[in-house]
Every structure is written in structure tokens, then in C-alpha cells.
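Data first, discussion second: the structure below is written as C-alpha cells.
So that you can tell them apart, the chains are marked A, B, C, D, E and F in the order they are listed, and the count of residues begins at 1 in each.
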Amino acid sequence: MFYHVQSLINPIVLDEPDPSAANALQEGLGGQFGEMRTMMQYLFQSFNFRGDAAPYRDLIQSVGIEEISHVELISKTISQLLDGAPGYKGNKFETPGKGGKPVMDMAKEQKNAHHFIVGAQGSLPVDAAGNPWNGSWVHDHGNLVLNLMDNLVLEATGRLQKCRIYEMSSNKTLRATVSFLIVRDEAHQAAFAKALETLGVDWNKALPIPKFDATKFPEVKRLLDAGIHREQYTFRLDGSEMEKIFSGSAPMNDGTDLVTLKEPKEAFPIPLAPERPEEFAPGLDPELQELADALSEFKKNLANPKKVSVVKKKSRKV
Amino acid sequence: MFYHVQSLINPIVLDEPDPSAANALQEGLGGQFGEMRTMMQYLFQSFNFRGDAAPYRDLIQSVGIEEISHVELISKTISQLLDGAPGYKGNKFETPGKGGKPVMDMAKEQKNAHHFIVGAQGSLPVDAAGNPWNGSWVHDHGNLVLNLMDNLVLEATGRLQKCRIYEMSSNKTLRATVSFLIVRDEAHQAAFAKALETLGVDWNKALPIPKFDATKFPEVKRLLDAGIHREQYTFRLDGSEMEKIFSGSAPMNDGTDLVTLKEPKEAFPIPLAPERPEEFAPGLDPELQELADALSEFKKNLANPKKVSVVKKKSRKV
Amino acid sequence: MFYHVQSLINPIVLDEPDPSAANALQEGLGGQFGEMRTMMQYLFQSFNFRGDAAPYRDLIQSVGIEEISHVELISKTISQLLDGAPGYKGNKFETPGKGGKPVMDMAKEQKNAHHFIVGAQGSLPVDAAGNPWNGSWVHDHGNLVLNLMDNLVLEATGRLQKCRIYEMSSNKTLRATVSFLIVRDEAHQAAFAKALETLGVDWNKALPIPKFDATKFPEVKRLLDAGIHREQYTFRLDGSEMEKIFSGSAPMNDGTDLVTLKEPKEAFPIPLAPERPEEFAPGLDPELQELADALSEFKKNLANPKKVSVVKKKSRKV
Amino acid sequence: MFYHVQSLINPIVLDEPDPSAANALQEGLGGQFGEMRTMMQYLFQSFNFRGDAAPYRDLIQSVGIEEISHVELISKTISQLLDGAPGYKGNKFETPGKGGKPVMDMAKEQKNAHHFIVGAQGSLPVDAAGNPWNGSWVHDHGNLVLNLMDNLVLEATGRLQKCRIYEMSSNKTLRATVSFLIVRDEAHQAAFAKALETLGVDWNKALPIPKFDATKFPEVKRLLDAGIHREQYTFRLDGSEMEKIFSGSAPMNDGTDLVTLKEPKEAFPIPLAPERPEEFAPGLDPELQELADALSEFKKNLANPKKVSVVKKKSRKV
Amino acid sequence: MFYHVQSLINPIVLDEPDPSAANALQEGLGGQFGEMRTMMQYLFQSFNFRGDAAPYRDLIQSVGIEEISHVELISKTISQLLDGAPGYKGNKFETPGKGGKPVMDMAKEQKNAHHFIVGAQGSLPVDAAGNPWNGSWVHDHGNLVLNLMDNLVLEATGRLQKCRIYEMSSNKTLRATVSFLIVRDEAHQAAFAKALETLGVDWNKALPIPKFDATKFPEVKRLLDAGIHREQYTFRLDGSEMEKIFSGSAPMNDGTDLVTLKEPKEAFPIPLAPERPEEFAPGLDPELQELADALSEFKKNLANPKKVSVVKKKSRKV
Amino acid sequence: MFYHVQSLINPIVLDEPDPSAANALQEGLGGQFGEMRTMMQYLFQSFNFRGDAAPYRDLIQSVGIEEISHVELISKTISQLLDGAPGYKGNKFETPGKGGKPVMDMAKEQKNAHHFIVGAQGSLPVDAAGNPWNGSWVHDHGNLVLNLMDNLVLEATGRLQKCRIYEMSSNKTLRATVSFLIVRDEAHQAAFAKALETLGVDWNKALPIPKFDATKFPEVKRLLDAGIHREQYTFRLDGSEMEKIFSGSAPMNDGTDLVTLKEPKEAFPIPLAPERPEEFAPGLDPELQELADALSEFKKNLANPKKVSVVKKKSRKV
């Protein structure tokens, strides 16, 4: 059974909208090696798990639970990168189209017109080429050694693709999220590689994939310095046997050690997404809005909704 | 951010394996109107939510979180229904194939051979016709009224299909899960219909869909008597505004009232799935098993793993 | 702009339900070479037609319009073949599930469970392997000679597959429809082959595909004797130039002549489909039914709805 | 059985080519909520209709027939918007490529290269992201209330997406078609909402979706003023019971009334599409053209083919 | 550039037709981890190979070339398993349908009706659930270590699935081919694992996947005894650097050694497939046959075509 | 059984990178009418071939074998057109991202971001709209006349689309490959049209498709002058009966004659693809590179790897 808190696993850093960057990041969400797949693959493997080797099941499932929070994080990041129809800065209840003006004129030139026609400048369950996510990508072979190797390939590909996306834009909103995922994908490589190490494999210097000095990416370096690439979280409210695997020396054989925690040391607020009247989102006209307001007392706490999206003070720099 | 407990939202009731029933139930998992879609649709809608009408976002998201637990429940049910190659009752480490005997001879005649070739007698992210789940089925229009109506159609279709599946088998494993989902899909219809009611719609006697006397299904009746069709859970560790919508009279206009709870009143153990040596699942041979056992002390607690799958005492009858 | 009459292009002949035959016939509806494709392919080709060679456009479009009526015919045939859950003969408003009995127990063993879970024993836009129809199958190359050849291949494949389906069942409902389509696909081969003949190609004895003595199929023979394989209809309310192509000797070079007509010489009643309470179709409970009846005076004309499905007297034997 | 007239349901208004606008409009044709789906969904629902509630069947089918004409209209509009390879104004029989010059150099930069490589600057059965249309999007649940609600959601989404597309371009060719569809999608919302009203639902002020003052779109306003959003056509040559539902006050509860007509009050000419030699469309070289001309006397009526595409006089302004 | 000889890489062993076995074997041909994917994945990786590490490129490509021959072998095996419509043993030119008899009555009950409707009892590019092969399954990450690991996972899954298929039937036609593929997939695991070993990984006892005593499958044992699991072939007419990797001790660390050869030591005849008149395959009627015979002198060598399909004497037992 | 030589069937001509041209060319590789389909379609048809008409099987298969070499050629051409991230000219082992610089900033604006995120600037098994290749496009009807006609349509469409792509760019790398394919697709049209001619069809002046003076494309003219459009190769190491069909006058009826050869008169070197450090391709860091170099002596022959990609002297001009 699953639970939720209204917090993000990494902060949304504000910068200018960039629909092309949003489109590239879709690969990390709905692509064949994106977070929707990692989430579903690990959940299916843990739900279908056979035998009594609980530490392996708990390890796979813990990563799967984290991936739901990654889907949440990427989704919010894409939404932030898309926000605001190019060339349009309307207010709520302002007339859509402003009497016929093509206020979303530039939208049809963007990489995936679905971000504007189908969704309301929000994330979609598709990849960077616009293909919908496909269930055939979820692999659960039933065989433990094979599943662990498949998962390692999946995390390696995830990290490889995100390193490439990092190099495609200097947008801070994009990079904050992508850098976090690069670091977490290394932690997840460590998780599956370590599990294979318990079954005899010695990785020597082959990991992580890709093999390069990731501290050259400044945003990544800050997270590496904080050790986030060597932590794994159980996200379990009732105990877990994962630590039996995820502890001791990292399988990268670089002198670092693995640490199992219940949850990340920090959590971050989820910024409110402003209304987009040109998208009819949420599209409550004054009559309907009055009905909605009547049941919600929540609005009085929102004198300045923009402020909510400012990240609270914390020790880790972003 | 998401969390997990190792419990099921409804018990797995034991009965004979029935691969055809397992295949029919795949529609409820990976079908166009199954739980993988409801889960992703509501999560995307809540992650992309625009505006400050928090009670609506919290309502949509609460159902989305519950659907992850439904995916878990159906996945376990399908695995239980498939368990054991027809005609084969092997022990662990027994020779696969028994010196060339076709121990899974009947498997190739089953509805979806992938249950035996691709998976190891476990659930798959596909529908009852073997088609993989497709991301295009996830709808997030951005427009609140439209999203609520789309969600209502989705829950109505889910309940309709599960009522049909109920009539296809008297297998107790199948019916326990399907009956629970029929009842929860009615609760979810109530959630989205009630939200539309707050925006002015009066449903009169049109709901729920399908409209019939569901107490004629005995397993469903027990759950209706327990009022489970009028509860909704927040699954939130940090508070929720959902109750502002989900309370008062049910939109079915049948004299019942809606109740918001933090979580279901009961949780149920997750049965261990036995090894299937003919599937090489998990496939640890003695050498590898020894390595796995060395790190796990967990086995000593499992003198009789079969016992774990017995459902603990509880007040609600299943 | 399109119009409709509530008549079928060929009669539905009654026989026993046969879900496997229904599934095979799906290939003719939603398969890669089925009627949904022929309809969309010819309509797209005629809508996108370039240049002033109107007789070719009118010929292509006339076949396209006919294909909509073929979709209608196959759809009704499949529905007829599926009608009635195996083992269940319920009455309207009878309790679905009959107090928990698995009245559709055999349904989950049928070829495509979607016929019973997703649809209510009606046709689906899928092929005989359960794959959904796909837009990539629609070919409009823009080039006239190529389009005509592609269309000829399409009709040849349609006829080939239907000849194979004919051999798979002696069910009269299936064979009446399949035989009609075998004959019409030959007419359509004639249409496109004749158009290519006007551009210089001589087919000699290569057509039709497949090449065999079709009079050995008795139901086909009756239609051939009536000359239905050498007629083509314009289905145009405002004139057509098709006859400039579709007249004179058939391109099969067998001594027959082509005849252009406005519409088929006969039309046939559309049988009413009975309610299926176990499918909740249409699922109007007494309260809703009363509302529906209040607005419809139509029921009084239906003392015996079964009778409506009896085919009216006509000269052509089926 | 279906019939056709060579007329459009709304005029094609001439403006400059705009391939990006053409691509956006593909969503309205081959998208998940586009006209190909509405057409197939309503036709399947009416062909598979169970029970004797003929007015509901006739209503659903009438909208389905209209959608075929919408497919025709959008197809022609897209073709018009694409017409002419960017940078190329060739004459018929002029040498393709002009001795090696890249006369379609800009084509490979357009949103969907298939418009130029696969089709000959004509419409395709795909959405605005280039994904082919998929049969799984066609919903026929068999249950009447559910089908009506699903159809309402479909029309609401169609109108929402078209309102967004309207805002993406001021191209007159695009806007004439999109505005017409916005208005017709409102009529279709009225049709399905009214049918649900006969079964007890009261929509109060929730409709239409999206809820906004559509008269702010000038092209839409002209059609609203003409009342086209409150008409529905039977397109039946042999009578229909639709009017039993589609009459009286609109379910939008805005004081307007619904009107059932046999067909639209006006019809419009279908403009000829000029040849595109650089696409080899239709690609008849002089030898083949001579053969084609020999059988067609039609050309002498086309002294000035451009003139044919001028819209005839009519009372409604476009 | 590629070349061909008309020989098979393993013999077709004759046994009774078994359409269900044929369907299961489709997973090995058109499944996500079947030979069509291995072939395309390794060819793409070798065509796109970057850098100067030729031995790795040659190794990957050699396996890719072998996979084309595996596609050939599985295709022939499936055709052999399907051959002959159940219940029908017609002669050439015999009347299809035998005057209306449903000579393929059982065909519509088989696992994939496409084998009989779409193909003429031959192999299809689909998996065992009837889903068409999909290009997204081809992985070429560009990164050498990752590609090698992905390939190892692919071969491991291929071998796992084939071991499961082996257990599903004792049909000799099926088992001869499946056993050969089990052994070759182990050789290919050795190839990619050895390449990773050259980059530092030590596999200890984790390989092959699945880990079990494969000599318990008698047909497999004969091939293992012949050492075919430790050979790899270059299939290169102009030299290869593969042997620099594929030599020395096997990465399974079981005391065996790897051997690089130009090609397999034996080749086997390709059996002629008999005509299937009920499928209209090849469908040459007497007129067309006469034309075909006129150009072919080949028939006189075929007094008894059945004989050609008998496997010639050879040292390795099958 | 298949073999390979490390040579190309046509030379790669060097020019500037052009990612849009690369994307357009993807249609010729992974499109519905591209080389992946022709290759698989002809191989399946020849593997599944029924009957004893060996010359037809050999003809179909010979074209299929050639198509593998076309896949190889297009793959290399696309890789060449993509090579080098826009704006980046890094050296091996240079820091990816150069300390955080977005060195692939322009990549996210290219037509298919997958070329840079998923692949490492190499070809993909997708079409020009980014859709993955689909197995349903492979047609093997079993019927010989129909298969030949289908193949002719396929080659005609391939040539049509490549003629359009030719007109989209003057890039020499693109045009060298596209022109070769235009000419070969004409040879393949000749092959299938001639086979139909042996069965009675007379094509008169309808072929080739498209019908125009292809000598107006200068690169095509050079190949036509060399007669490459009238040659077909057996690619068989053990004899073929293809020449019985492919000889005598061309079915285009233009006075030319068909010539059967064992293989093309010339072969061309395969250029090495340079490393792309920003893609981590192949991504061997100094530690791993040292291991790879240790086993390869091949590098010493590569003083200047650029030189290898220069096309060797030959008589035919490109």
C-alpha cells in the first residue's frame, strides 16, 4: 500500500521557460529508459517476486518507490519549463484569444505541439520524439540475476541519456532536475551492481556508465560532494531488509561506501502552477469559480502564490 | 514523495490456479480502462494541476495513490491465478524439464503464452488481448471540469468491465479482487461525480454506472454492507483538503453519505510467491543460493512459507 | 458531404452464434487489409486528389463510399455471430450474474476476450489477432498510377483473406457476408485494374487474385450468377464521371462487361440487436427505461422484435 | 448504406500556405480526440447498438455521419494549408528537381516531413505529433449512459483542442475550418448532454466545455449568430427519430433551443487541388496524360480551374 | 555487403504439425527478445560503431550476421510446424473449399489466426501474443560498455525464453531448433561477457543465464557435447579481428575455451515447402503454372519433392 | 546462411553535416516503405516460399539480400550526416560538457532529438516522423502473383519517396546515397515487373513509377549511364536461377535489357566513424581504453583515420 506527502524529492529551480528543453526532458519521463519505465519495471518485479530472498525484493522495490517521486519531479519540471504560451502573458479570466489574436502563435512551432494542444503546458506520458510510453518496455523476466542485470542496463542508459540532456541546455530549471537524476541514477547503478556483487560479479573499474569525471558538471558536483550518489532510501514505513545489500564498499571500487536511509534528508515544496487562461486551464469561469471557492477556504492563505514556489532555506545548495 | 508499507489493500483469497481468469483480469491491470491507466492519469493530473483549487487536486491525487495499491493488488492476484505450470508440481532445484519432459506442455495453449514465456507466471503490463499498455490512454486535458468528467467515464468503464469479469468465473481468488474493485470503482465514481456536483451538476438517478442491484453479487454485497463504496482515503502523511468535497450525501442520490478517511481500516499480508523452477524463477542454483542466503537471515523466520499466505483474522469477511 | 439510409448492402442471414468465426471476421473489419482501411484509404485518396482527372477520383471515391457500408455490414455480422454469452439466455432486467453465477464462464476462453469485456458482444476496430487498427496502413501516395496499383493490391489481399475465412466455417451468418465481400472485392479489383488499363496496362489472365474457380463456393456462385462482381455503384446523389472508366470489357479478359449503377439493386433491413443484460447493454434499469420510453413511441411498433430481423422477400437468393 | 454529394459542409477560405498550421490541424483529424475517432466511435456505437431505444441510436449515428463530412473538410483544409512546396512554384510537366536544384529544400524543416515525403502535400491519418491514428481510441462500451458520457467527453475535448488551435494562427484557411468545428462540437455536446438530460441529469451551468465567451473569436461569433451551434442534422434519406431528443431547451441552460434539420442549410464547392509536379502528383507524364484525357471530356469545362475554388454566393458570411 | 548460400545453419527435423508450438516459437522470431531484434540490434550497433576498436565491432557484427541465419532457421521451423491446415490434406489444383466445405475449420481456433488468414501457414514478424515486431526494441546506445551489457541481457533473455519453450512441447521439429538456439545463445552470452571481461569485469559463477544443468535437455546435451556453445563464427569473407576477444577461457569460468571459426562446420539443406491450395499459395492456376513452368527447367529435377526435405547424412546427430 | 564483407555497395561522399537531411533519410531506412521493410519483406517471402518455382524465389531473395546492404549504406549515410554535435568540435577525452557548457545546445532543436539523446549521432530504426519501424508492414501473402505486385508497389513507393527526398537537399552525402537508391529501386521495379510479365502482364508505358526523366537529376544520370538500373545481383555463393527471369528486354519497354550478375562490379570502403566524446561514444575512458588497446594491434595501422574515409579510385564517378 502506498502513501504520499506533498513534497518534492529535489527543488524546482526557477529560470526562463524553454519548450525545447521541456521536450528533451520528456525522454527522461516517458522515454523507453525514462522514469515511467523504471517505476513500473521495479514495481512489477517486486510485486511478482518469487522466493524468499527478501533483501533483493526490498532493494528493487525501494528504487521503484523512489521512481514515482522522480516521475513527480520531472513532471513538475517540464510543466515549469513550458509555462506560459510563447508571447502571451494573460491574466485569469482575460478573454482567451484576446478577440481573435493568435496569442499562442509560436506554440505550433514548438517541438511537440501536444504540449499546447493536448495538455495545458504540462508534462505528457511520451518521449522526446512524441511517441507514447509503451508497456512492452517493462521487463520482468522472473529470473533474479537477469532482472538485476536488466535493471543495471536501464539505470546506466538513464544516466547516459541525462548526461547528454545536461549538455543540451544551460537552463537552470532543466539542469537542477537533470543533475539530481544523474546522481540518483548512479546510486541506482550502485544498488543493482552491488546486488550482483553479492552473487559473485566483480565490476572492477567498468562502472558507473558512462565513465567520466562527472564533477565537471558543476550542479552534479555539488550533489556528489553531498554524497547523494551513495545513498539509497527504503521509503518504507514498516522496515526493510535492503541494507543487507546496500552497505559497505561501492561496486564502483572507488573507495566510497554505500549508506541506506529511510528517506532523503531533505524535502522540498511543490510550487503552485499558475492558471493558463489561453489553455482554458483550469478553466473555471466566474460562475464555476464562485462554486469552487465556496467550498475551499484555502485561498486566503495565498496572498501571493508566487511566493510559495520559492524554495525554503536549506543546507544543500541548488 | 511516495512511501510504502508491505501490506495489501485487500486480501488474496486462495483457490485453484486459472490462467484464463488471470488473462481476463489483465484487462483490469493493463487494459485501456485498467488500474495502470487510472494511476497514471490521476497522478499526471495532480502533478500538472493548475490554479489554487486544492481540494480538487487532493481528491484526484488521493484516488491516484490508491490506484498504485490496486496495481499491486491485481498484480498479486494474477500471479496467484497463474501459479504453477499446468500439470507440473516441481520442487526447487529439481531439474527443469525433468530430462526433456514437456512439463509446461499445456502452457502454450493458454490465452497469453507471454505469461509463461516472457514472465514467470506473473502479471504483465498488457490487456486481456495481449496488447501492451499505451501512454496515449492517459488523459490530462488541463481543464478541471473536463478532467473530472473524463475520470468519471474512466471509473464507470472500469466498474462495468469488472462486473463483466465477475460473471466470467467463480474462482474465489479472482472474485475477491474483482469484487473489491467493483466497490472501489463505485467510490471513485462518487468522488468525481461529487466534485462535479460542487460545480453544479445534478446526477439524479443516472449513477452509478452500470446501474443495477450489485448486492446480487454476494462478494460485492459483503463489501457494500461494510460501506466500503462510500469511503475514500487520502493516503496522505501530511494532511489533505479532499474532505471539503468528499463528504455529505453521495451523488448517487440513494440516501448514503460519503466518508473521508486517512487510510483503509484494514490492511492485509502480502503472500510470498513460491519459486517456479520450470521458469528458472528466481533461478538461483545452489552456488548462487548459498551466496544469497549468506546475506539474508530472513529465511529462518520462514519455517513454513505457505503459512504466510494465510490471511490473518479480521472482522470483515472475504 | 455524406448521407445514410437505415439499410444494409447485403442481408444478415441467421445461424448459430460462433465467437471464433466472429473473431476471424474481425480481420475483414479492422485488419490491415480490412474494410476500415479500404474505406479510409480511398476517402483520403479522393479528398487529397490532385489534378483534373475527375473520372479517376470519382471511381476511387465511389469504392470508398461503398466501404463504409461494408464496415456497417461486417460490424452487424460480427455482432450477430457473437450474440449471447455462451451458456446464458437471460431476459431483460434479469439479475446480472444471477446471484453470483458465472453466466459468462465460457467467455474468457473465447479468441478475443475484448468482445465480452470491452465491447458488449459487438464488433471492435481490431484485427483477428486483437491488434487495434492503425492509421499507418492508409496509403495515399499522391501519384495516380501508384495509388491505383496499391488499391489493386489491397483489394486482391482482401479477397484472398476472405476466401481463406470462407473455408474456416460453414456458419451461414459468416458465409453470407464473406461471400458478398469476395464478390465485391472482385468488382473492386476490376475497378482499379480497369483504371490502370486506361493507362496502358494489359492484365491478360493474371486477374482476379486469387485465381481459381470461385463458383465452387456455392454462396459465391449465386452472387456471380447475378453479375454482382461486374457492377460498381457511384453512391452519388449528384452525378459521377466514374462510368467513363468502369464500362466495357472487364480487365480479367474473361468476356464479361462492367456496369456502372447509382446504387445496388436491392437493400436489406438492419436487424435489431437484442439487449444483453449480462453485459449491461444497453443497461437501462427500470427507472432509466421509463424515462427513455417516455420520449420514444417507437416501441409499440415492436410487438415481436425478433421478426424485424427476418429478411424481407427479395428476388436474389441468399 | 451511405451516399455522397461532391460538396463541403463548410467553405475553404483561401489564404497563404502554412505547413505548421496544417500540422496543428492534424490533431483535429487524426488525433486521439479528432474527427476520425468521432466518426468511427459513433458509427461503431450505432452499428453495435442494442435494444429498441431508436431515438438514441439515431442521434448517435447522425453525429457519426456528420463526422465523415468533417473528415472531408479537415482533409481539404490541411491540403490547402500545405499546398506548394515552400520556395517552389513549378508548372505541370516542368522538370522535377529542375536539373538537380533542391526545390523542396525547406520541406525537410517542416513539422512533419511525411507531409512532403509520404503524402503529396495532403492530409495524413496522424496527429500533430506524427503518431498514426489508433483503433484503441474508439470506445463502444455497449452501455447507453456510459456511451453518451464518453461521447460528451470526446466532443468537449475536441472543442477544447480546437479553441487552442484557433489561438495558434490567424491564417484564414485554418480559422474558417477550426471555427466551424468549435461551433459544431458545441452542437454535438448539446446532443449528448441533452440525451443524458432525458435520462435525468441536470447540467446546470457546467456546459459547454470549455466555458468561456466564445463570441470573442470573431469567426466563431458569426456562426453562433447564425445559430449553427444549436442545429443538428439527421443526414438521413429515410427518416430519423432523433428529433425526439434533439429539441426543446439546450442543456447549456442558456435560454436557447435545439433544432433538428435533415441537413445543413448550405453546401459549398470542393476546390480542385492543383498538380504538384515536384511531388510527382498525380504524376501523369505526357504519354499517360494523353491516355487519361482521351477518356475524360471533363477538362474543357475547366478553362480556369482556379475559379472553381471561389466560394459561391451565400447568405452566411465566412 | 551481404551474401547468401541456400543452406540452413541447423537441420529441420520432421515431426507432426503443431500450430500451438509454432505460435510459441514466434516469440523467438518476432518477440521483444527474439532473433529479429538481435539481428537488427547488432547490425545497427556495428553500422553505427564509433572509434577504432575493431575487434569489438567485428565481434558484435559477427553475431548479428549469424542472427540473420537464425531468422531463416526459425522461419522455416515455424512454417514446418504450421504446414497443412488441420484436417485437410489437399492436392495441388484441387478445388479450394471443396465445393463449400470448411476445409480449414480448425484454423480459426488456433492461437494466432493470422498464420492462416494473413500468411499461408508461414512465419510472421510477430511475437507469441500476436503483437508486431517493434523498432523501439533495437538498442544502440553508442556507448561500448553499455552496448555490450545490453547485448548480454538480450542473449540471456533469449536463452531463458527458449529454455521455457523447450519445456512446452516434445515436438521434434520445435525442439531441434530451440535446442540449437539455447546453445547458440550461450555462445553469444560468452561473446559479450568475454568482451566485458577484456574491460575488467569478472563474472565468477553468475553465467550463463539461466544457471542450470542444461545437459538435462537431451537435444541440448548433444550440441554441448559437440562444443557448439563455445564456438563463434565470423561469417566474414574478408577477415575479422574478432578472435582477439573470442579466444581463451570462457567467461563462465567452467574450464572450457572459446574457439573462433569462419563458419559452422556443417550446413544443412533447406526443405521445399509444399503448396497449400486451400491458402491459394502459391496459387498458380493451370494457365499461370504453364507460364511459370515454361521458364523454369528446374522441375524435372524434382521427381519426388518430398525427398528433398530429408536431411542428408551427417556426423552430428540431431 | 548469410555472409558479409566489410565493404559498402555505394560510396559515402563527404559533405557538411545536415541533421535535417539525416532525418528525412530516416524514411528510407525505417519508414513504412524503407529498406528495413524491403529487406524483411523479401526475406520472409523467400523463407516462407511454397512450391517449386525456384526462379521466382531466387529473384525475390536476391533483392532481399541486397536490401541488407542498403540498410548498411543508409545507416552509414545518416551517421555521416549527423556527425558532430552542432557547434561542438571536441577531442577525445575532452571533458564532456566542458565544465558545464551546453556543447550540444542546438541538438534539442533538431528534427528528432533521439539522434542525440538515444543514439550517439547514428541511425535509428525509425521513420522521418520519429515513429519506430513496425512489423505489420511486412507483407507475405503466400500468393505469388500478389506478392510480386505488392513488391512492385513497395519499390515504386520507395523510388517515389527518394525522388522527393532528393529534391529536399543538395547535400552531397545525402544525394550520393539517395541517387543510388533511386536507380536500384528502378532495377527492383524491373525485377518484380518482369516476373509478372512472365505470368502474362504487359506494362506498356506505365513503368517505372514515378514516370519522369530521371536524367534531370545529375547524380542519377551518371548511374543510369553506367546501366546500374538494369542490373540485378544474385549475391549467392552457390548459384541461383534468377537469371531465367531477369534477362531480356526490360518491362519498362524502353529498349533496354536486363542483366543478371553475381554481385556489383565495385565495392567501396566503409569509413570509420570518429568518436563523439560529448555523446560518451564509445566512451572508453583512459583506464578502459588501455585495456581495449592491449588486445587490439589494429590501431597502429591508423596513423590518420580520416584518410580511411576517402573513397578509393574507381571508374564510376560519384
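We adopt the following convention: contacts are C-beta pairs under 8 Å (C-beta built on N, C-alpha and C of every residue); 3 or more make two chains touch, one makes a residue touch a chain.
Everything quoted here is computed from the prediction, not taken from an experiment.
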- Message: Farthest chain from chain C, going by mean C-alpha coordinates, please.
- Response: A
- Message: Applying the document's contact definition, name the chain pair with more C-beta pairs in contact, A-D or C-D.
- Response: C-D
- Message: Counting contact pairs by residue number and requiring over half to coincide, which of A-B, A-F or C-F is equivalent to B-D?
- Response: C-F
- Over half of the interface residue numbers used by both chain A and chain F, so same, or under half, so different? different
- Query: Taking each chain's centre as the mean position of its Cα atoms, how many Å separate chain C from chain E?
  - Reply: 39
- In whole angstrom, the CA-centroid distance of chain E from chain F equals 25
- When you check chain A against every other chain, which residues touch at least two of them? 32, 118, 126, 130-132, 134, 136, 141, 143, 145-146, 160, 199-200, 205-206, 209-211, 279-280, 283-284, 288
- Note on the structure: Chains touch in the following pairs A-B, A-D, A-E, A-F, B-C, B-D, B-E, C-D, C-E, C-F, D-F, E-F
- Where on chain E does chain C make contact in their complex? 85, 95-105, 107-109, 112-114, 116-118, 126, 130-132, 278-280, 283-285, 287-288
- Okay, in this complex, where on chain C does chain D touch? 1-9, 30, 36, 40, 43-44, 47-56, 61, 65, 68-69, 71-72, 75-76, 79, 118-126, 132-136, 138, 140-146, 198-200, 235-238, 241, 244-245, 263-264, 267, 272-276, 279-284, 288, 291-292, 295-296, 298-299, 302, 305
- Message: Applying the document's contact rule, which stretches of chain C touch chain E when the two form their complex?
- Response: 20-21, 23-24, 27, 31-32, 111, 127-131, 160-161, 163-170, 205-206, 209-213, 216-219
- Partner chain A, residues of chain E touching it in the complex: 32, 131, 134, 136-137, 139, 141, 143, 145-146, 149-150, 152-153, 156-157, 160, 196, 199-206, 209-211
